[in-house]
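The two complexes that follow have chain A in common; it is paired with chain B in the first and with chain C in the second.
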Partner chain A sequence: MTGSTLLVLPVGLPWALAVALALLNGRRPWVGWLAVAGLGASLVSVVMLTFRVLREGPVETVTGGWPAGVGIVLRADVLGATFAAVSVGVILVSLVYEVFVGVRSRTFPALVLFLAAGLSGLFLTGDVFNFYVFFEVSMTAAYILTGYREQDYQVRGAFIFAVVNLLGSVIFLIAIAALYHVTGTLEMATVAERVREVNPNSLITIATAIFVAFSLKLGLFPFHFWLPVVYVGSHAPVAAILSGALANIGNYGLLRFGGDILSEELALGATAVLVLGSASIIYGALQAISRREPSEVLAYSTIGQVGYVLVALGIGGTVGFSAALIYAVVNSLNKALLFLVAGLRGPFVAAAFAVGAFSLMGVPPAVGFIGKIAVFKAGLAAGGVIQATLLVALIFLGSALSFVYALQIYQRAFLAKEPQGGLWDKTSPWTARALVVALAALVLAMGLWPEPLLVLGEEAATNLIESGGSP
Partner chain B sequence: MGVMPRTVAKLLFLPTLVAAVAILVKGYAQTGDGFSAGVVASLGMVLQYLAFGRREAEKLPLVGFAGRGAFVGLLIGLLVAAVPVALGDPVFNHYPGPGAHVVYLGTLELITPVLFDVGVFLLVFGFAVGSVRAIANTITREEEYRGPDADDLGVEDLAKGERR
Partner chain C sequence: MILAISLVVAVVFGSGAFLVLQRDLFRVVVGLTLISNSAFLFIIAAGLTRGTAGFAQGAVPVLPIPEGSAASDPLVQAMALTALVISLSTIALLLSLIYRLYVAHETVDLEDISEAEMRLAEALEREEEPEEEEKPEAGQEEEEIEKRSR
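So, the complex of A and B:
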């Protein structure tokens, strides 16, 4: 298969299938399985693309065969392909989970496919405006998905989610317009070249706007206010999709725009990024400890976990960027596993949760350990002795706090005596339980054999630094 | 609504659709494309909803098809993008290629981008009319739910106009 076909397939396949499925009744099991098959094929093509990119370097194609700059560029490098693979994987698992449990809305499979198409599109584009378009495709699907099951609190959550994120989208759109105004192009590679000759004053404003937009998506500390309401209300697989796949927009966006296109501005604002990241880690962890509901604890823990990505980004350099990528991937898997498990009851569920909790804390056999170690290494590589000591102490403190809240949820959800006749008396279908156990096994396996993840992180960071210039 | 707006709306309906088609086909060499054509056509349809209310507007042709039209349009657009890939060309490659012979229908060139724009037109038109329809249905359903004494409960003028 040629590179350009591989590049188009992960976006086009779920997209076309989503349109077709939107006309069918998604509550029928065969429609759900058709969606699963399509998304599975999309995942296979994304994984093949990742291998291709790792072996032969970035794959690029221009729409209509026009010269670059006239046509729209689709481009896959290690960073984009990795994020696409992880996100599509998480969405696939969540979709299979919901099909096992029983889809209750006729549009659910189609919306999930729209979201997957938008996400792979934005990870595999080389054009800033196209990035925005795909970003809106996936966000719009996410707004509707948040209200899935249509309970009052879910619709309320969806409304808050839509309003806050539309605000973020507008800020991002303004930033893109400004970027186009100062560089005269929308193609990422050319933008990255031309920004070096642009007046730094205007660039700092643009960089700040982009940073704020992605921080809103991620739910970073001062922009986190919407996140708990939305995550707590959402149905388990939707929460897993939001925090395991959709949040990658923020991670990827910060790495792509910060590490690649506006690398000098990132270096300039590194201190602010580090401070915000640290605040996020501490704030998220402390709030998580003080909450009781498992989904609420996980929501606040998400705020804390993105702090690590931000700290790694602030440190920068090969070590920092690769740590940010590795941590983002690890966090996606952890959060998908934990949110999915939080909606289940029955044998083996507690074991799967324990694996996820250990991974969240960063205890060795689980993949979370690899992420923590990567951020640790980045912390040691940071600037002077004082800065390195402070960062390492912060990462250590954050991990210690995550120990407390992860074990607290475990205790409350699985050890405490449950009230009789409650919601939790029903045992969930064994298929859904087998699925989360498989996901837990994957988390363990990636922790035991971390080479692929480390290689991806290394390659992506090297690519970013080569194309972005400054360390 | 009064007689004047109704008459004007009725008179404007066909010209709006014709203008939309004109915008659709005169793109490429001059300004115009599927998106703006879709917007113009759906504005014409929204005018009918405003002037005549839901029940009358539903009787117009095309309205029942609107919701599905959006999906058909999106599928057409995706097909135009995807078929070249299946044939081994770049995404969105257009046929006939540059320099090749083009069949003309009046001033309209028969090339695949036209098909893409028809898809965009259907998508925009279908989405706009479909959502107006959904909103109108919801309003009517709420009114029926409230019953004939709705006025005493403080229903707005808008609802009154529609019932009459």
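So, the complex of A and C:
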């Protein structure tokens, strides 16, 4: 298969299927399985694309056969392909889970496919405005998915989610228009070249706007207020999709725009990024400890985990960027596992949760250890002795706090005697439990054989620094 | 000209931000519409002054215009159009969410809705509590009730 076909398939396949499935009744099992098959094919093509990109370098194609510079550029490098593979994987697992448990809405499979198409589109595009369009496609699908199951608090959560994120999108749109105005192009590679000749004053404003927009998506500390409301209310697989796949938009956006396009501005604002990341780690962990409901604890933990990515990004350089990518991947696997498990009851569920919790804390056999080690390494590489000591101490403190809250959830949800006649009496279907156990096994396996993940992180960071120019 | 346009964008954005902070959900949606419209104004404005960087040298415009006359950038208008369509669909989605909340609570005031939800949650808790205690004490309660009725 040629590179350009591989590039179009992950976006086009789920998109076409989503349009067809929107007309069918998604509550029928075969419709759900059709969506699973389409998404599975899309995942296979993304993984093949990742291998090709690793072997032969970035793949690029111009849509519609236009000459370069006129048509919209689709471009896959290691960073984008990795994020696309992880996000599509998480969405696929969540969709299979929901099909096992029973889909309750006509539109659920189609919406999940739209979200997957939008996500892989934005990870595999080389055009700033196209990035915005795909971003809106996936966000709009996510707004509707948040209201899935249509409880009142879920609809209210969807409304809040939509309003806050729409504000973020508008800020991002303004930043894109400004970036276009100062550079005169929308193609990422050309923008990255031309920004070096632009007046730094205007670029700082643009970089700040982009940073705010992505932090809002991520739920970073001062922009986090919407996140608990949305995550607590939403149904387990939807929460897994939101925190395991959709949050990757923020991670990818910060790495792409910060590490590649506006690398000098990132280096300039590194201190601010480090401080915000540290605040996020501490705030998220402390809030998580003080909450009782498992989904609420996980929501605040998400705020804390984002902080690690930010700290790694602030440190910069090959070590920092690769740590940011590895941590983002590890975190989306952890969160997908934990949110899915939180919605289940029955044998083996507690074991799967324990694996996820250990991964969250960074205990060796699980993959979380690899992520923590990468951030530790980045912390040691940072600037002077004092800064390095502070950062390592902070990361250690954050991990210790995550120990407390992860074990607290385990104790309350799985060890404590449950009230009779409650919601939790029913044992969940064995298929869904098997799926969660398989995901836990994957988390363990990736921790035991971390080589592929480390290679991906290394390659992506090297690519970013080469195309971004400055360290 | 630049000052006038930036003032307009600022005023539209500001009034939108004011409306988003209201409790009435319809005002929130109108405020969001205003904020996104300020973004479209900004995009169009980004193409009004012709920068030298983005203008392809020696390109021939589709509509023949005399050499050296002022022309605005067409790409930003295409961008504004795309963003406009996206915003339209999102606003429609928000309105449908409001309708869904209105059907459930017969109000579009955020405070009333959260009050109603609190009441519902309390009612649920009250229902659940006796169930928890039911196991050890259910027999006694029934006996007491029987005694009283006698």
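In this text, the second predicted complex is superposed on the first by the 471 of 471 C-alpha atoms of A that agree within 3 Å, B and C clash if a C-alpha of one lies under 4 Å from a C-alpha of the other, contacts with A are read in each partner's own complex, and residues count from 1 in each chain.
The working rule: contacts are C-beta pairs under 8 Å (C-beta built on N, C-alpha and C of every residue); 3 or more make two chains touch, one makes a residue touch a chain.
Remember, it's a predicted structure, so these values are computed and weren't measured experimentally.
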First, second, both or neither for A:Leu74, with chain B first and chain C second: first
Chain B versus chain C as contact partner of A:Leu167, first or second or both or neither: second
Contacts of A:Trp33 with chain B and chain C, given as first, second, both or neither: neither
Touching partner for A:Phe414 - first (chain B), second (chain C), both, neither: neither
Touching partner for A:Phe348 - first (chain B), second (chain C), both, neither: neither
Chain B versus chain C as contact partner of A:Phe403, first or second or both or neither: neither
Chain B versus chain C as contact partner of A:Val62, first or second or both or neither: first
Touching partner for A:Phe376 - first (chain B), second (chain C), both, neither: neither
Dominant contact partner of chain A by residue count, chain C or chain B: C
Chain A partner contacts - residues on chain B that touch it in the complex: 68, 71, 74-75, 78-79, 81-82, 85, 88-94
Touch list for chain C against partner chain A, complex: 20, 25, 28, 32, 35-36, 38-39, 42-43, 46-47, 51-55, 75-76, 79, 82-83, 86, 89-90, 93-94, 97-98, 100-101, 104-105, 113-114, 117, 120, 128, 131-132, 134-135
In the complex, chain A residues that touch chain B: 2, 4-5, 8, 12, 15-16, 19-20, 22-23, 61-65, 71, 74
Complex contact set, residues of chain A against chain C: 129, 132-133, 136, 140, 143-144, 147, 150, 152-153, 155-156, 158-159, 162-163, 166-167, 170, 173-174, 176-178, 180-186, 194, 419-422
